[in-house]
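Labels run A, B and C following the written order; every chain starts at residue 1.
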Amino acid sequence: MGQVMAAWVIVRRPAVVAGLLITLLVLGGCFRSDSGKSPGTQATRPLRVAYIGSPMAAPLFVAAASRGGADRQPLDLLQFKTSGDAGYALLWGEVDAALIEPLKTPNLLQTSKFPPLKVAGTIQFPYGATLVLRKDLSLRFGELAGRTVAAEGEDCGLWHQFKTDARRLGLDPERIRTVYMPFEDMVPSLEAKTVDAILTKGSYGVIGESLGHKILYQNWDVAAGTDECCPAILAQTVYFLVVRRLDDETVARLVQTLEATGQEKLDEVRGIVSKQTGISEKRLAHFPVATFSAVTDELGSLLKDHAWSPRQ
Amino acid sequence: MIEARRISKFFSIIHDDGTAGGLTAVLSVSLRIEDGRFVSLLGPTGCGKSTFLEILAGLQAPSDGEVLIDGQRVLEPLPSTRKEMEDYRRRYRFLSPIANSLFRDRPKHDIAMIFQDYAVFPWMTALQNVLFCLKLRAVSRADRESMARKYLHMVGLTGSENKYPSQMSGGMRQRLALARALSVEPKIILMDEPFAAVDAHTREGLQADLLELWESTGKTIVLVTHDVDEAAYLSDEIVVFSPLPGTVRNRLKVEVPRPRRRNHPTLQAIKERIQSIYRYDSDHAAEYII
Amino acid sequence: MESETMSRPNGNNSDYGAKGWNLIYRELKAFLKGALGSVISVEFATVLVPLLIIWEVLPRSGVVPETLVPTPSKIVATFWQMLIEHDLPHHIGASLVRFFLGFSIALLTAFPIGVLMGWNVFVRKHCLPMFQILAPVPPPAWVPITIVALGVGLPMQVFLIFLGAFYPILFNTYQGVKDTDPRYLASARVFGASEFTLIRSVYVWHALGLVIMGIKIGIVLGLVMLIISEMYGGRSGIGYLLVESKEYFNIDRMVVCMIVLGALGWFLIEIMKYVELKLAIWRIGR
């Protein structure tokens, strides 16, 4: 009886059959992506981590490439165009962890109450003052008079260091037109040609250089933490590692794996980064390498509830 | 003086079943209209008299024959041989022969025309409509407005100068068309069934006004109509057209002095004669071969 | 003359003869009444107010995550903050300037070309096929090649907005002029009108309805391209604010940007509707 009915439906009501098929397809598509999100999975399931293609993600690259022991957390790296997209992927569970810039992280942490997002560590890079010149201009350091340079703020330590050094090198800093903007906006401004050069901190200098702009001046001896704009812990931070609700064991293993990348030899690290980002090793040799560090007490006190700690 | 010599107009058409065919709208019509006469072209609907009128006005080119207004040819006939066709196409590839010049407003002949469905511009007020036509005739700006108002007054539209045609009744719109045609003070006025779409009472009023204007100005008027009464009441001469293909069937002179009564016996006799012509034609419907 | 106008009693046959400021004030009043009239009405309020209440209550009570769905009160507060502190007027101004630049270039090129193509078969046969080939490319697909050719800055944005607005205006003008009733052309020609007068006084006026509709569609598409171009380049404008809010996870600012954009589009369309009313006053009789 049931078979007769089914046959009748299929033959005489093609619209119904088509509708059922489409519904099944759509539902199947919806639920397929959920299979990766089921909680309490095996220990060796790879974690999906979102990143943006810059040499600053070095610890991540090394951790993903190494073949190390049973303690290692296997990783699946997913590249996103912007960290905003990575953050939304994190919110909706398409990735388990993401590297997000410090300026964007507070808002991100606030938008997700359930499940809560936590910061499990930071990627660090030396502070350093770097002057990056726009790629289509070919000026020497002394010819910067009259040009527009972006700086973080009037009180910024980097800016003071630069002015001192500039006077020493024969350039009058008063003749430079200054615009103030946060560090995050500087490289995009350079790309959009709204400024001629930027005075930025080390990590952004490297990013700018990897995009083809020229570094005219670099000073790694600037002490971090001397100005209000950037407390020491944030001055050296390039990214926060933000994780979604995962069990403590997995997060601990992730942190451990990333910390272990600090032991690798610099040449090997540079080789891996060069393969992942396409920047030549020769270029990378000019700069220090980014390192991962777990949440320190200082950072924990800054982030309060949002910092992940092993005693969850 | 309008002189039409052996005007013919052929169209190629596609029948309902997809075959191509030819349609003769006007077949070898020769006509001469003297100055100051009121001539009616009479015929059943769709017998090609409107086409003939448009050929007289220069809005369509005849397939054969020519029209001379005051000795000047209106439009050259359409080409008949292949070589002529290529020449024609090359000469008129940018601007069609019906068009006036590109930038200068210049009427080719001193004629005005009133159409079947009024064709007054709905985006201009009555006054602006008349001013537009006056401007085309290069009347100086100072005179334009006074002339426009004078003619609007003449047709009885004072007070409606600033109304748009959509706000006026059918009869008023026809008066506006009449005012436009008169304001340019042409020698010849061509009318294509101007009173067909108004009710009988308005029609009689308009006819009386038209007669009065004609008598006071002495222009040549060529009126196309299918109404026998109208033709008989208004005109000096009636040219009867036969149904498709349109040829001149007969020319009847109406020699009744004006002002005429509508039920004058001579007029009745003329009407009966025309109606017997029609009956004969429909009884002995002959096949016309091109 | 000035004192005469000023001393005339209000509302008493002031229709003809109001000059200068009186005229502008009267037109503005009529425009606002027409534009806001359909939105601010009792009937719509009975629909809108319950929706607003639901929108306000749901996030607060926790049914919907509060951080992901901002309440109307929060949106108003953010809007106020953006207005005062974050230079919202400057961004709106920058967007508007770009939009008008691109749109006016599109109007000034598309309208004459459309008229010429509709008027003359010779012109049409030569020009129309090229536009018909290029038109199906969706304007956003032009973005990469525009960036390659013009860089990332004002020329790129103006060009993209121009592309968005050009085709609707062109094709609608062409269609309107082409379909002009031949009776009007015949009656004007008989009186001796030159082709130029015909275009000026007959074709354009007859096609006005379609032209204005084309302009409205052009405005909508131009706004779309405005947002897309600001997302890809430049550092100012509502589109840029929108993308920046997304990057920095400011959901409430995103919603404010969307509302501002919607209001902008609505306002421009209302202006066009008013222009149509003023120009096409002869249609009222129908």
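The definition used in the following text is that a residue touches a chain if its C-beta (ideal position, glycine included) is under 8 Å from a C-beta of that chain, and two chains touch if they have at least 3 such contacts.
Model, not experiment: these values are computed from the prediction.
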Next on the checklist: Once you draw an edge for every pair of touching chains, what topology comes out, line, ring, star, complete or other?
Outcome noted: line
Checklist entry - By CA centroid distance, what chain is farthest from subunit C? => result B
Next on the checklist: Using CA atoms only, can you tell me which chain is the most central one in this structure?
Outcome noted: C
Item to check | subunit B and subunit C, separation of their C-alpha mean positions in angstrom | outcome: 46
Checklist outcome for this item: Distance between the CA centroids of subunit A and subunit C (whole Å) is 40
Item to check | Whole-Å gap between the CA centroids of subunit A and subunit B | outcome: 83
Next on the checklist: Where in subunit C do residues touch at least two different other chains?
Outcome noted: none
Item to check | Contact set on subunit C toward subunit B in their complex | outcome: 120, 122, 183-184, 186-197, 201-202, 205-206, 208, 280-286
Checklist entry - Hey, which residues of subunit A end up touching subunit C in the complex? => result 82-84, 87, 103-104, 107-108, 110-114, 185, 188-189, 191-194
Checklist entry - Given the complex with subunit A, which residues does subunit C contribute to the contact? => result 65-68, 151-153, 233-235, 246-251
Checklist entry - Inside the complex, what are the residues of subunit B that reach subunit C? => result 54, 57-59, 93-95, 98-108, 111-113, 115, 117, 119-124, 132-133, 136-137, 164-167, 180, 184
